[in-house]
Structures are given as C-alpha cells and as structure tokens.
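What follows is a pair of complexes built around chain A, which joins chain B in one and chain C in the other.
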Partner chain A sequence: MKKYIGKRLFWALVALIGLSIFIFYFGRIIPGDPIRMMVSPQTPDHVVEELRESLALDQPVYTQYFYWMRNVFQGDLGFSVYSRRSVTADVQQYLPRSLELIAYAASVQIVGSFLLGIFAGSNIDKWQDHITRLFSYIGVSVPAFVFAIIFQLVFSQNLGWFPTSGSLSEGVATPSRVTGFIGLDALFSGEFFTIGNYIWHATLPAVALAIPGMEQVARMIRSGMITINQKDYISMARGYGLPERTVRFKYLLRPSIIPGVTVLGMQIAMMLGNAFLVELIFRWPGFSRFAINAMLRSDLNTIVATVMIVGIMFAIINIVVDTLVAYIDPRIRYSGS
Partner chain B sequence: MLEKRYIAILILGTLLISTVAFSGCVDPDDDEERPTLLRMGFAWPTDIDPAIGTDKSSAVAFTNFYDPLVFPTQEGVEPWIAEDWDVSEDAMTWTFHLRDDVTFHSGNEMTAEDVMFSMERLVTIGEGFAHMFEPYIDIDESEVVDDYTVRFKLTEPRGVFLPSLVRLYIVDKEEVLDNAVEDADFVYEPWGNDLGRGYLIENSAGTGPYNVYEAVIEDHFYGERFEDYWGPMAENAPDEFRMLALGEAGTERTMFGAEELEITSEWLEHHTVVDIAETFDGKLGAYPEGGALYGMMHTQKEPLDCIYVRKAISYAFDYESQIDDIFPESELMEGILPILLGGAVEQDMPTTDHEKAMEYLEQSQYYPDIVENPEDYEIEASWTGAVPATEHVALMITSDLEDIGLEARSRRYEWGALIDAMYEKETSPHICIVWVSADYPEAGSLLNARYHSRNARSWQQNEWLEDDDIDELIDDALREPDMDERFALYEEVQNELFEMYPSLFGHDQYSKHAYQPYVTWPEAEDPLEYSIPSNGYSVNVRNIEVLPHGER
Partner chain C sequence: MTKKVLEIKDLNVGYETYRGVTDVIYDLNMEVHKKEKIGIIGESGCGKTTTMKTINRILPNNAVIKDGEVNFNGNDVLKMKKKELMKLRRKNVSMIPQDPTASLNPLFKVKTQMKDILKYSKEHGEDIDYKEKSIELFESVALADPERVYESYPFQLSGGMRQRVCIAMSLATPKDLMIADEPTSNLDVTIQNQVLDLIGKILEERDLSAILVSQALGTVKKFVDKIYVIYAGTVIEIAETKQLFDNPIHPYTVGLLEATPKLTGGGFSAGIAGQTPDYIDPPSGCRFQPRCPHYSNECENEKPKMIKVEKDHYVACWRS
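Coming up: the complex of A and B.
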C-alpha cells in the first residue's frame, strides 16, 4: 500500500511541476497588459515601466518563472495587481471560505448520492427508481448556478427560511482569526451561535453546489448495483440463505460504489472551479469569485496560484480516491503496483 | 449497541439542526434603535487608498472616507480643508490657508504637514490621480509655511491646478508612516518604505465623514460615522456606510427585497433597475457625473481618415433610439462634452438624418467605391464585454451604417484586449464605444484626456488626432489661471474639435440606481440642482438621509 501511495505522490508532483510551467507561460499570452489594467489610463509611461520593473514583468518568462518558483518555496506567491497585495494573503483570506463551503457541499453530495443511489438501486423499475431518475435528469442537466438562483428566490426571498447572501448575519461578529476557517475559529473560541449562523448561511450555496454532481454519482451507484446484482456470487450468497441485508451491504454495495467514488472525488475537486457563480449569487466571500475576477484583470500571479491550487486539490483528491478504491478492492492495488 | 449509535446520531443531528435553526432567528425588527445603514452595491475592485484608485467605486470611497483640499461644485470648487487660497500672478505659486478644526479618524489633528505629505505621497507613488500633479509640481520648492498654511510651487503655470485639487485627499501622515513597511513589494525613496501602501488597502487614514472599521477586499468596506467630523452632515445621515461588491442582478433584487440593500449598483441594465424599484416600491434615481458615452472614431484609419465619412456616420447614428431604447435615464449631448462641466458649451450637434449622411458620403474621397465595394471598407464598431450595454450601441451603429450603404460589424473585446489594441495606432479599432468621465469638474479634464496627443495611447482615446494645434490650444487653456479666460479657451478648443467630427457624441452619462423608499438622496432626486460633475462626488453619504427604523 505504501509503495502504491508513494508512486501516486511522485506522479502527482511531476504533473504539478508540468502544470506550473504550462500555466506560467500560458498566462502570459492572454491579451491584456496587467500593469496598464492596474493603473489609471493617463498614468505616464515611465511610471508604468517602473511598476513593470518592480514586479519583474520586464524579464524573460523563464527568469520570471525562476523568481516565482524561488519565492513559492519561501511561501510568497507574488504580488496581485488586482487586489494590490500578496497573492498569499488573498489565498489565506478566500481559500478557507471556499474550502468550508466545498466541505459542506461534499458532505451533502456524499450522503445524498449514496442514499439516492442505494434507494434507486434497491427498487429497480419501481416508482422510487423512476422518481430518482427524474431527479437525476434534472440534477445533471441544470447547472449549479440555476439551483442557486431558484433556491435564493424560493427559500430566501419568498419563504424567508434562509439568508439571501453573505456568510454571517448582521450583528454576528467574525470570530478572531486563528485558522481563517470561520467554523473552526468559532469552535476554538466557543462561539457556537456563530457556527450555527455560518452553517445557516452556507446551506443554500452548499446544496446548490452539491446537487448536479450528487445526481450523477447516484446514477452510477444505481447502475453498479444493477450490474453487480446479476453476478453469480450474489445469486450464490442468496442461495446460501444469507440475510438480504448482508447480501446487499456486504457483497452488493461495496463493489457497486467504486465507479461512484472515483467520480465523486472528481466532482468534489471540480467544485472549487465551479463555485464561482454560486459564490457570486450568494455573495460568498470565497476563492472562486476572487480568482475569476482576478483572471479577467490579467492578474498573472493569481492566475498561476489559482490553477496550481486547483491542480493540487485534484492531485490530493485523486490520491485519496485511488487509495480508497484500492482499499475497497485490493485487486486494483496489486495490479496498480 | 446499534441502537445506541442511532440514538447518538439522532441527538447530534437534533443539536445541529437546532443550532442552525436558532442561529437564524435574529429578528432585526426587534431593535428599532439599531444603527441606520446605507448599503450600496459597487463593481469591484475598489481601491480605498487615495494614491492608487481612480474608478467610480474608489472615488466614492474617497468622497466618504477622506476630505479633499477643495470640494467640487457645479460652478467650480469651494473651500473645504483649505478655507482660502492665494495664487501668484504667474500661476506657479499657490498658497493654501487651512482649517484649524479638522481631526483625523485617529484623533490626530490635521495640519499643513499632512497636506504636504499627501501631495508628496501621491506623486511619489505615481499612480491614481498623480498624473494630474506629477509633471507640474515642484515638491522640493513646495513648503509648509506654518501649521495651517501650505505653499505649492509649480514648474509651469497651471490654471487647472486649483480644480485638480479635488483629487488631493488628505491622509494622516503620522498614522501612515507608523504603518509603513520597509520590506514590501514597492519601496519608495527617500522614505525607504511602502508609504503605507499595504496599510491603506484595508484602512482609511483620513478626516472624512466615515471611517473604515471593517474591510474584506473583493467583498465589502464598512464605514462608521465619524462623530468628530468637522463638516456639515444631514440630520439623518446613516450611522454606517457599507460598500458591497455586487453586480449580479438576481442577488441585488433579492437583497433589495429583503431590505438588505439600500442602493443598487450602477451597472445593472435599465429594465432591471426599474423592475427592482417598481416591485419593491423603491425610488428610481439618476444623476450625471461629468461623463459621456463616445463612439471614438479612428481618424487615421481608412475610411474614417476622411472627414466626410465621419460626418456621414455622425448623421447616420440614431441618437434618439439610443436614449429611448438603451439608456432612458441619460440625456442627449448638447455639446462635445457633458454640459454640466465648467466651461462646456452648447453646440449645434448632429441629429439623425440619413439624407444628409448620404450627401456627406458622396463627398468622400472613397465614394463611390465605398458603397459599390463596401466589403473593402468594413468598419468595426468595438465594445467591451466589461460593459455589456455597449453591445447594443455597437449593434445600433452597424445597423445605421448599413442603412447608408456601409459595411459594418460589431466586435467584442475583453477589457484587457481592448486596452492592448488601443495602445497602438495600427491595432486600434475603427470605432470604440466607451464612457469617459472627468476627473475634475471642468472641460479641461476631458479635453486633455480625450483629445490631447499625450493621452493618445490610453483607452480614453481612439481618435488618434495627433494634432499639434489642438494640443497647443488645450495646453494654453490648462495653463490659464483666470477662470473666465480659461473657459473662453475651452470654448475655442471645443469648436475646433466639433468641426473635425472625431467622435460620435452619444449621451451625457447618468448613473442610475434603485433605492429604498426610506432613503432620501438629494443628488439623485434633483440632479440638476445637487449633482456634482466629478466622478464619485454625488454619492456623498453625509448628504443622504436614512430614516431611523422606528419611523419607516
């Protein structure tokens, strides 16, 4: 198992270095002079050139890459021409908010997809299966931001059950910063009301973000259950008179969820990129909203940092998923090694 | 065992749901004494450092978190931090006598040292509004005369130095230097630090009516009323001014309906703003800020290098429909500049007349080839995706040009790509549709930005006039210290420019907003009386009244 994980880590590192080189060069051919976009239109040329020099943007791209890599190892992701401060500070501010939202959405997605998948897979061609299929079609075909708008109109504006936007109510103070994660910081300082208020605010965006992927994974689990259900060893287990509960959860479900777990991992990793519109609609002060806006302003260092963070998330989740799958099905581990 | 686990999960689940449910039970109507808020949507980024920002949201921040040396009015400028001033005959030495009752948010007293430092900091950093001072001010010769007198020396006569000072916002020297960082991305000499650049991203160090107490970049700035503010303030001026990063129509609508937003953001489409106001019994307001929509015509690019083609386009454009269908809140231009700017004059502006357009087209050197082989002279009307409403104007132009037999197409640019394209004469589009606003409330601001060769490469110009006579006329006007004579020179430049037909003069831009019925906003309710033709100054929160909760 260690060898298996080690191999995955090595290749993830190689992929990330390749990604950093690619995005570093690619970011610099996007139209839009970042310095001219940063300053007022009548700023004299000499000021523009001084700024360019200060940020080493007058250097060849390979030199800029070298500086960037050196600074990254010192924890410095460079200067953002959009936020006008260190990208590291931006990441520290926005990323925890997005990760908390994604963690919430992922929890909803995991629980929801497993429940729906098992519910449908256990009731093939019955009304439960048909209803789940209908939900799945809606979930797969409607993007997250549409759910966000509908939820906001229905549950916030019309019913008033949830807040319209933001992450904490009026008068609820942001807990003292320890980790940057509001939930954790509130927990450390014992502010349970703040935790509840935060979860209350995060519920609609999290559910909107979770639904599309959830329905897709549910369909995969259902299909897996149908396929595995037709295997001889399942018939044999039933023939031996094992309880249906044991057959279903021990022999049927475990192999059925493998494709679903793999896709689930990718869905969760993609949430960081997909969260932009949901964060925009709910005014959630997260990383996706910041990153997209910075990209539109040709903020080179933020572009690189964003892509690398998403890449790292993909790599980590991939390794976790591969390990999980290898744990569920040891044959994968041995053939992979 | 299994049952115990289920019971534990049940208890935990109930606790979690209760916590979340009860945490939502914050009933704002319980407390009628709670602070009054003015929450307004803005496009981001917003730079609250007065040495950095220039765009609308930044300018609004400066108006409310800082004080300028002089304050803009429809007539020019009025005393503000400077109570009075003297100018030498050569207009190169300006002496300002300051108020002695002004304190910073920090509690420090404001003195001439702070005014001098604010100017020095602005020109040293070189960004933001520095271009209005940097080439002309002689910092070494300028001096603090005493605690309440400061003298600025210029390197050449500059009549518009006084109105330009509406963009010199006074910062607290002591607070800024206490928070300056030596190990920063930008270090300025001889100071050896970042001149508080990092600090002022998220903090205000001014004397303005509101003081920033919470800042989350890309999300919000919260300002509380400064109780020791020296200046006039409306009786029911809000206790807090909150600038929120917004722009998504659905979100603003929902927030407005829930009374979580007092004023919508500026760039929503007209029908959205009207719908929000009508649905929630809100008010509609619009005010001019000294800006206008221009269709900038590249005067050195075929076929627009021929004045008759430009004249033909000017008469082909459907001015009325542009107002009626796209920007109903705005007004047709009465001259080549927004009429509220000091020194702007009324002119005999072209109106839609396709027969006249055809007559001009026939006088063009490109006629008849231009209508027989229009594909050889295709005209590109460019707009930026950053301002979607300009697409409608681009489509309108292409349709109008096709009506007189010209080939035209609309082209979308991302904002960065447009800035790149407009930087070079060869890559600049035929026509570019952009709004441009004045930095100070005089015609000279826009004449310089729009038509002087020194700014030809900026996105505020696409005409590429590069005309020495126009440059000289503009420079003469900007140098002239006497306001009446300066305005007479402005008139001369405007008449010269008008005869060149360098641009399509779309409309005087009005910023439009929906706002809550419990808000009274003089600048939006009676714009001709109260609005200030200088970007950002009409969102002057100390003049806006928000009814206390118990009186709504």
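Coming up: the complex of A and C.
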C-alpha cells in the first residue's frame, strides 16, 4: 500500500513539473505584451524596457523558468501586473475562500450523490427511481450557473431564506487572520455566529456548484447497483439466507460505488474551474473569479500560479481517490504493490 | 414411498426482456424424495439453473414466476413470506454454485463472508467462535491450509479451493436438500474429479437429498439414483440412472447420450442438429419437434403427456 501511494506521488510530481513547463512556455508565446497591457499607452519606450528588464521578461524563456522555479521554492509566485502586488498575496487572499466553498459543495455532493444513488438503486424501476432519474437528467444537462441564478431568484429574492450575495453579512467582522480560512479562523477565536453567517452565505453557491456532479455520480452509483445486483455472488448471498439489509448495504453497495467514487473525485477537482460563474453570480470573493480576470489581462505569473494550483488540486484528489479505490477494492491493493 | 422433500408442480417461469416476456420453464414437474439423489441433464440454456434458482427464490429481478407450485416439505415456496423464506434458505436448501469465482464476493475476505453466513444461520448460538467453526468446515471439505484460506480474499485462492470454500459455505448449517448446479463446469479437468468425489462423499455421509445438475453425463451417472432429462424448460424423460443409459427413449435423450464422446473412439458424434428454441415464441406442441428426427404432425399440435413405459421410467413423446 505504501509503495502504491509512493508511486502515485512520484508520477503526480512528474506531471506537475511537466505542466509547469508547458504552461510557462505557452503563457509566453501567446500574442499580447504583458508590459504594454500594464502601462498606459503614453508610457515612453525606455520605461517599458526598464520595466521589462526588472521583471526579467527580456530573458529567454528557460532562464525565466529557472528564475520562477527558484522563487517558487522561496514561496514567491512572482509579481502580478494585474493586481500590482505579489501573486502569493493574491492567492492567500482568494484561494481559501474558494477552497471553503468547494469543501462545502463537495460535502453536499458526496452526501447527496450517495443518498440519491442508493435511493434509486434500491428501488429500480419504481417511482422513486423515475423521480431521481428525472432530476438527474436535469442536473446533468443544466450547468451550475443556471442553478445559481434560479436559486438566487427563488431562495433569496422571492423567499428571502438566504442572502443574495457576498460571504458575510454587513456588520459581521471578518475574524482575525490565522489561516486565511474564515471558517477556521472564526472557529479558533470562538466566533460561532460568524461561522453560522458564513455557512448561511455559502449555502446557495455551494449547492448550485454541487448539483451537476452530484446527479451524475448518483446515476453511476445507481447503475453500479443494478449491474452488481445481477452478479452470482449477490444471489448466492441471498441464497445463504443473509438478511436483505446486509446483502444490500454490505455486499452489494461496496462493489457498486467504485466507478462513482472515481468520477466523484474528478467532479470535485473540476469545481475550482467551474466555480467562476457561480462565484460571479453570488459575488463570492473567491479564487476562480480573480484568476479568470487575471487571465483575460495576460497576467503571466497569475496564469502560471492558477494553472499550477488547479493542477495540484487534481493531483491531490487523484491520489486520494486512487487510495480510496484501492482501500475499497483489495484486488487493486494487492496487484499495485 | 418415502416422504417428498421437494415437489415442483406445473412450474412456469419466464424473463422480462425488451422483446417481451419469455417462456422458459414450461409446465415443469419434479419430485425429490427423502435421501434421494436426482440428476438433471440437458443442454445449456434449457432452464436447469432457472429451475434451481426458483427452489430458494434467488432468481434475478427480471424473472417472472407465472404459475405453479414449489412445495418444500409441503409448504409452497412461491407463497412464502420473507421470514419463512429466510428460514428455508438458512436451514433447508443449500446450493453449490456453477462458478465459484463469480459466486464469492471479490471485495470481502473469506472470513467476513463465512462469518455472516454462520451468524445469520442462527444455528450455532451467540458465543460461537467463527474462526474455529469455519476452519472445521474447511477441514471437512479437505481444504489445504484452512488458516490461510480463512484470512484470504477469494482472488488469492485457486479455482478448486474457491469451489471447496463454496461447498463449505453451503454446509454451514445442516440442510435437507443440497443443490449442486454444474459444480465442476468451471474447474480444471484435473480438479473436477476431486470436487465431484468430495460432493459424493458429503452426500453419502450426510444422507442428504440432492439435485445434481450437469451437462457431463458421466459425472451424473456415478452419484444419482434417478435422472430427469430437461429440454426447453420442460421434463421430457425420467428414469432410474441405469435404465436411462441402457434404454433411452426420447429422441432428445438418445441424441444427448450419443453426443457424449467415447473412449472407444468412433470419432465425433454428429450431435443434435439445431438449437434450443427462442423462448419469446417457442414451438407449439412438443418443444423438441423442430429438431426431432422422428417428427410427425401430432407433435406440433399438442404437448405430449408423461407416459409410463416401464417401472420408474417415464417419457413425454408421441412415439412411445
């Protein structure tokens, strides 16, 4: 098992280095001069060139890459020509908010997809199954931002159950910064009202973000249960006189969820990218919104940092999912090492 | 006449498919008396497994039991409530599966599966030592290294060992009827005989009633008192083992026996031309009629009745 995880860690590292080279190079060959974009059109040429030199953008790409790499290991992601401060500071400000939103959305997605999938899979071709199927088709075919708009209209504008936007109500102070994660910081300082207020604000965007993936995974769990239910070992388990609940929730469920777990991981990893429109609609001060704006302005260091963060997120979730699947399925555990 | 353990009366079972509901088991009748060993032969796809799965009701979801009775010790299994059915599965009927690899859950250790079977059989009391009991069962089926088997996942065992584990599981509680559904068809030829001998030994020692389903006629011959020949979901010939082999009457039985390769040579037999019917729209009258070399008009018009041709020998054919 250790070897299995070690191997995956190694390949994740290789992939990340490859990704950094790729994105670094392509960021620099696309048209558009980042220096010209950051200064006014009247700026004299020699100032532009000085600026270019000071940011090392006059050097060959591989030299720039090594400079960048050296700085990354010192915790410096470079200077953002968009926000005009260090990318590290931007990331520290925006990323925790998005990660919190994603953690919330992921929890909703995990719980929701399992409940729905098992509910449908235990009642194949009955009304419960048909209802979940209908919801699934809607969930899979409608993108998250549409749910975001509908939720905002229905649950905050019309019903007034949730706030329309933002992450904390007016008058609720941001807790003193320890980790940058508002939820955690509030927990450390014991401000439970703030936590509640924060969760209340995050609910609509998190649910909107969770729905499409949740429905897809629920379908996979359902079809997994149907397929496994036809296996000989399930009818034999019934034949031995095991109670239906043991057959279903132990011997049937475990093999049924394996494909669902893999897809669930990918869905959660993709949320960072998918969150952009949802964050925009709910004016959630998150990373996706910041990153997309930076990209539209050819902010090289932010682009590289963003892509690397998404890459790292995928790598981590992949390893977690692989480990989970290996835990569920001993055949993988024993052949992988 | 000894007591009837199992009596299947006019059973009709089909499967829901996209093309409609099939008609697989067609007015099937069968009896198993106490301590009697029955063999069932017939080609694949003729409903042997479906019939066996009906006995303890472990048919797949899309199966439809249309009509008939399956009486076990006088109680109709098809009308049983959940509780009685559980009792039947735990105490009365045991099954040795066709494919031991597919019949053991790949994600759980043998010990987990064994433990649940012992636990829910409710035969051994609360304070039973699962490991001790399992190893005792493994030893009774001559499993080498029972301690290792107990701690293993099914995929860490060989095919023969898996089948022995399945047999041990089926013996976890004392049963009245043992159903062995082609227990050796998925095993290595070298292992087949060992497993058959084991099953034979168990049948002898425990005085069980048994149904042995097989396509390999030689294996059936050794163990059983009486043979049912099934074609397309219906019984076409019943006879004591020796009578059937000496004097087969139904054209299908004759073809089936001739199709068995013989050590004495003579090349391959021609087999029986044609295939088992399409169960959506099965042939009228005698279901074997489209493939029968002795076909005549009356075969198509009406299903032949079971006729006694000699003592303990019955045939459903218009020629007899």
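Basically, the second predicted complex is superposed on the first by the 337 of 337 C-alpha atoms of A that agree within 3 Å, B and C clash if a C-alpha of one lies under 4 Å from a C-alpha of the other, contacts with A are read in each partner's own complex, and residues count from 1 in each chain.
By our rule, a contact is a pair of C-beta atoms (placed from the backbone, for glycine too) under 8 Å apart; a residue touches a chain by one contact, two chains touch by 3 or more.
Nothing here was measured: the structure is a model prediction, and the numbers come from that model.
**Student:** Between chain B and chain C, whom does A:328 touch in the aligned arrangement: first, second, both, or neither?
**Tutor:** So A:328 only meets chain C here.
**Student:** If you tally the residues of chain A touched by each partner, is the higher count for chain B or for chain C?
**Tutor:** Of chain B and chain C, B contacts more residues of chain A.
**Student:** Regarding the shared-chain residue A:251, is it in contact with chain B (first), chain C (second), both, or neither?
**Tutor:** It touches chain C, and chain B stays clear.
**Student:** Looking at A:230 after the superposition, I want to know if it touches chain B, chain C, both of them or none. Which is it: first, second, both, neither?
**Tutor:** Touch status of A:230: second partner only.
**Student:** A:259 in the overlay: touching chain B, chain C, both, or neither? Say first, second, both or neither.
**Tutor:** Neither chain B nor chain C is touched by A:259.
**Student:** Does chain B (first) or chain C (second) touch A:170, or do both, or does neither?
**Tutor:** The answer is first: A:170 touches chain B but not chain C.
**Student:** Touching chain B and also chain C: which chain A residues?
**Tutor:** Shared contact residues on chain A: none.
**Student:** Would you mind writing out the residues of chain A in touch with chain B in their complex?
**Tutor:** 30-34, 36-44, 47, 50-51, 54-55, 79, 82-86, 90, 93-94, 149, 152-153, 156-157, 160-165, 169-172, 192-197, 199-200, 203, 280-283, 285, 289-290, 293, 296-298
**Student:** Can you list the residues on chain A that touch chain C in the complex?
**Tutor:** My answer: residues 124, 229-243, 246, 250-251, 254-255, 328-331, 334.
**Student:** Please give the residue numbers of chain C that touch chain A in the complex, ascending.
**Tutor:** Checking each residue of chain C against chain A gives 53, 56, 58-61, 86-91, 93, 95, 97-99, 102-109, 113, 116-117, 120-121, 153, 155-156, 166, 169-170, 172.
**Student:** So in the complex, the part of chain B that touches chain A is made up of which residues?
**Tutor:** Contact set of chain B toward chain A: 16, 19-24, 26, 28, 34, 44-45, 47, 49, 52, 54, 126-131, 134-135, 185-186, 197-198, 201, 216-219, 244-246, 248, 250-251, 254-255, 257-258, 260, 386, 414-417, 419-420, 423, 448-449, 455, 458-460.
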